[in-house]
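After this come two complexes, each holding chain A, first together with chain B and then together with chain C.
Showing the complex of A and B:
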């Protein structure tokens, strides 16, 4: 049997084209990987990580477990399309083998088996497979129906807003929507003409038989298969250039990630895997406060990745992001959205002359001496109450402290990094590292979460423990080095982005507040906490827009009916103080006020 | 003004000749971020400046000069900025000074 009919041509051509393009893309991306990354692949290939990656592919590429966590119905939609289609292919292959035994059947023979089977008069106990294949088709059709429904009412699936798509996506999407209804029609017509079919196609076939005459059925038969094959072919051709490229990109991405590859401050070939693994599901849109509070609809991660992929990224889109990380922690593909955005900014940085920041040489404004260093941070110099409170706490605890920047210091470098000026930031990093080493500190306490994150991630401070002051105070209380009295006030705590999502510090500040008074939580809290809007990462929004974001976020804190709003970041402190009609304090302040001398 | 220099001075004349200054870059900067015109010259940005604590970097002076079309040395001078963002926080007019630094550098990069 040749398993050939003219109608299979669109499918065969489309399929070959798709596999050629995907193979080309994969090989180009792999070949262009930097040597370090290729060494990582070789090194980690024969390890347990590879097996874990296989399991993750099943969980995420087929079952979409992470989307279930966002919304069960949305998860079911994605699962029924991906896993359902996958099972249709696998069970279809088993079906062919069950009928024809171990013999080579070309791909179209498997896909259009129903077409080839009745004509060639294969008979036998067909019901099991017929029903099973019908059940799987029904599963995929449910997914398609849900996808249609999502167009009309996305809220039912927990999404207030969905992605605006580009032309290629629309073509591929329309083809995808037609594929399975077309298959249903073609197989039902086949059942009507030749008999057979499971509970779905068989019943519809029977109904069509009673409804239409034999000649009508015969004239519809071939066109129906043509249509099905064409829908598949169109989808395959559009697929590598549309969002559906994620199907074949997420799989290698999961393996590469397990082999410890990751994006860096410089763009590299690995980024292509992350960028094209985005399915533009749009889950990142709702968490974005630029969307929710300012109504901006072109800058969210999904659009950023889309623009970057098609080489149409504007400076404005690259810069218009608070880097709060709310989208990143929701992304079902786990794309490193912040790093990708930063290295997009870095690509457009201005490249200054080598002598930049030469003035740093020999500068040392530090004072005091001790094994503990205190780096207040630039922003903390605008909240002197925090600095005074920390000095008070240090003196009560009897700590000898070296103050790195009490009389003005040098920036930690993260603001430059956030603007993509990574090479300039390296000079700050070198300067501060040298300063800390020269003063021989063991512990570095900072009051600014922005500094904290860069100290932990980009500095090489082996032998120096870096702590945020909330962690440090928590330790002082736990070890009994300072004692605090409990007061009657209630405190609502705001998680700063850089401290919470950025450094994973949620419990320490809460324990400290709990020691002083009663802790209240706003509606969005911990990993889900809102951004204050004052983020240094965004240079596009203006003052009024910053205030609107701060207002919406502060309203949630005020709604707790707390006596005082507490936070642990000088920048958040400034933003909330401006928006709230009540005093805002830092963790250090409430401790210093209640410390027992 | 250069015509009125009798040749005895040892300092360069401080007069600004708006007729001779090329304001195209300045206008482009103002066009992209008109909010700079809201500046009242209070100097809060300069007073709070981290780089200003170490060097004589003076953002108020710089952007004023740039607006007048005096670009010489502005790009090199602006590279002293660490982008820490304190100036934006203290600006009483809510000017996005941090973006302004980056914008002026971008516009004057090839000057």
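Showing the complex of A and C:
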């Protein structure tokens, strides 16, 4: 048997085209990887990581475990489509093999097996394979039904908003929606004409038989298979250029990630894997406060990645992000959204004029001496109560402290990085690194989570432990070096983005507050905490818009009926104070007020 | 029978309105939140641009209120306003034929600009604190010594979006010039610096005073806002600013930093306006009916404004406006009751 019929041509052509394009894309991306990345692949290829990656591909690309965790119904939709389709292919292959034995069957022979062998799959008296294949088809159809339903009523699927798609997506999406209903119709008609079929196609076939005459059935038979094959073909052609490219991109991405590749401050070929692994599911839209509070609908990660992928990214979209990390935290593919956003901002030629940095030469405003260094940060200089409180805590604890910037210091560099001035930021990093090293400190305490994040991520401070002051104070209390009295006030704590999602520090501030008074939590807290809107990362929104974001999040803190709002970031402090119309205190302040001398 | 007008607020605007109404044969009643009359001008040392002691203006006003036997209720807060009376916090209703809102303004709380260290550093004071010091006869540092270097910072809580105060408070520029001259007279050898964004000398004699401050008193004017202040070990104040005329950052240590605090709208305006069916301007002040002929009229018949309830105003403007308010109220009452 040749397993050829004219109707299979769209499928064959589409399929070949898709595999050619995907193969081309993969090889180009791999070839263009920087040498460091290629070395990482070679180095990690024959390790346990590869096996772990295989298991992760099963979990994520087929079962979609992470989406299940965010939204079970959405997870089921993705799983029934992906895993269901996968099983259809696998079981279909077993069916063919079981029926024909070991022999080469062309691809279309497997896919359109029912057309070529209408009565098959009988094991003993039972139509085992037919029932099995029907069950799998039903599973996929359930997923398709849910997808339709999600388009009409996204709220019912737990999403307030879904993604607006580009043309290729719409073509691919429509084709995808038709593939399985078309298969159902084609197989049912086959059952109606030839008999056979499982519980689903068989029953529908039987019903069609009673409904339509034999000549009508025969005239519909071929067109139905043509339609099925065309839907597949159209989908395959559109696929590499649509969001469905994620199906094939996520697999290599999982491997590359396990081999320790990651995006950096500079754009590189690896980013392609991350960008095209986005399925545009739109889970990132709802957590975005620019959407929820300001009604902006074009800047969320899904649109950012879409624009970047199709080379239509505007600087405005790249810059219009608070980098609060709320979306990244929920992304089912685990894309490094913040880093990609950052390296999109990096200006290609941002090498600044050397004269700009003359002032750095030989400058050292630091004072005091000790193994512990304190870097207040620029923002803390604008909230001097925090700095004072820290000085008081240091003196009560009897700590010898070297003050890096009490009389003026050099910026940590993070604001420059956030605005894409990576080269200028490097100057700051080099200056401060040298300063810290020269004064031979073991511990560096900072009051600003923005500085903290950059010290931990972009500085090479081996041998110097970098702590946020909440961690430092927590240690002082735990070790008994300072004692605090408990007061009757209640405190609502706001998790700063850079401290919480940025550095994973959630418990230390809470323990410190708990030692001083009663801790209250707002509705969104810890990993879900809202951003104060004052983020340095966003250079697009104006002051009034920042204020609206601050107001919404502050309302949640006020709703706890706390006596005092406490936070651990000078920038959040300013934003909340303004929105609440009442002073907000820093963790250091409430400790300094209650420290027993 | 004389028509009765309730005036909410017994500051300069309220007192002047009351006196003008009385002279027109109308019975004014003042409801004052504080325990005495005078409002914000009470305790002020001298007034710009003539250095007239504030008491010379305010005391006669209060004396005349007493002499005219105008009824005043002290320690009473108005919680609701309508054209036919007001509601007090005590729950008592005070009927009236018309109501004048003369509730003035609230001083900007300098604590809100934490970067200037008010309340944290001993030698950071506000312009209001300085007037009180001058009233007491001595302007000294926390340790009792005389300041030799003083910085006066304009626009603290004015024209500052970061604290939601977008408006200009109007009187601070000239107050800064006046206080600088007073400080120079007190301490002729001291250096006095004014840090400003723009100098707005709109009133008669203001520009002349500004020139005099520079030429005769050698007061320094630096165009640039102070970005932050820090306390040194010997309790001096180190300030950082940018001289925007030369385009250079500057750092300076002074003995005393005076913050020229601006005028904010009263917090209560929103609640009061909603009970009266009035609207507020975006900066929180009451919205006048129009900018030309209806500056003291509200959007509701029978409710009027006097003074800084509608916008920051100088004392001179407030007193002039209060006379207009009385005249408008008189006209309103005449039209209304002759018709009947």
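Note that in this section the second predicted complex is superposed on the first by the 580 of 597 C-alpha atoms of A that agree within 3 Å, B and C clash if a C-alpha of one lies under 4 Å from a C-alpha of the other, contacts with A are read in each partner's own complex, and residues count from 1 in each chain.
Here is the rule we go by: a residue touches a chain if its C-beta (ideal position, glycine included) is under 8 Å from a C-beta of that chain, and two chains touch if they have at least 3 such contacts.
Everything numeric in this text was worked out from a predicted model, so none of it was measured.
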Specify the outcome, clash or fit, for chain B and chain C once both structures are aligned onto chain A. clash
Regarding the shared-chain residue A:543, is it in contact with chain B (first), chain C (second), both, or neither? both
Tell me which partner A:381 touches in the superposition: chain B (first), chain C (second), both or neither. both
For the three-chain arrangement built by superposition, which of chain B and chain C touches the greater number of chain A residues? B
Which superposed partner A:587 touches (first chain B, second chain C, both, neither): neither
Of the two partner chains, chain B (first) and chain C (second), which one does A:77 touch, if any: first, second, both, or neither? neither
Contacts for A:296 in the overlay, against chain B (first) and chain C (second): which applies, first, second, both or neither? neither
Contacts for A:577 in the overlay, against chain B (first) and chain C (second): which applies, first, second, both or neither? second
First (chain B), second (chain C), both or neither: which does A:408 touch? both
Which segment, 207-215, 225-233 or 279-287, is the chain C region that clashes with chain B in the superposed model? 225-233
Set of chain A residues, in rising order, touched by both chain B and chain C: 381-382, 408, 543, 574
Give the list of chain B residues in touch with chain A in this complex. 35, 48, 50, 53-55, 76, 79-80, 82-86, 89-91, 94-96, 98-99, 102, 105-106, 109
Which stretch or stretches of chain A touch chain B in the complex? 319, 350, 352-353, 356-357, 359-360, 363, 365, 378-379, 381-382, 408-411, 413, 415-416, 418-419, 421, 424, 428, 534, 536, 539-540, 542-544, 571, 574
Considering only the defined contacts, which chain A positions touch chain C in the complex? 381-385, 388, 406-408, 543, 547, 574, 577-578, 581, 583
Taking the complex as given, what residues does chain C use to touch chain A? 111-112, 114-115, 117, 120-121, 161-164, 227-231, 238, 240, 251, 267
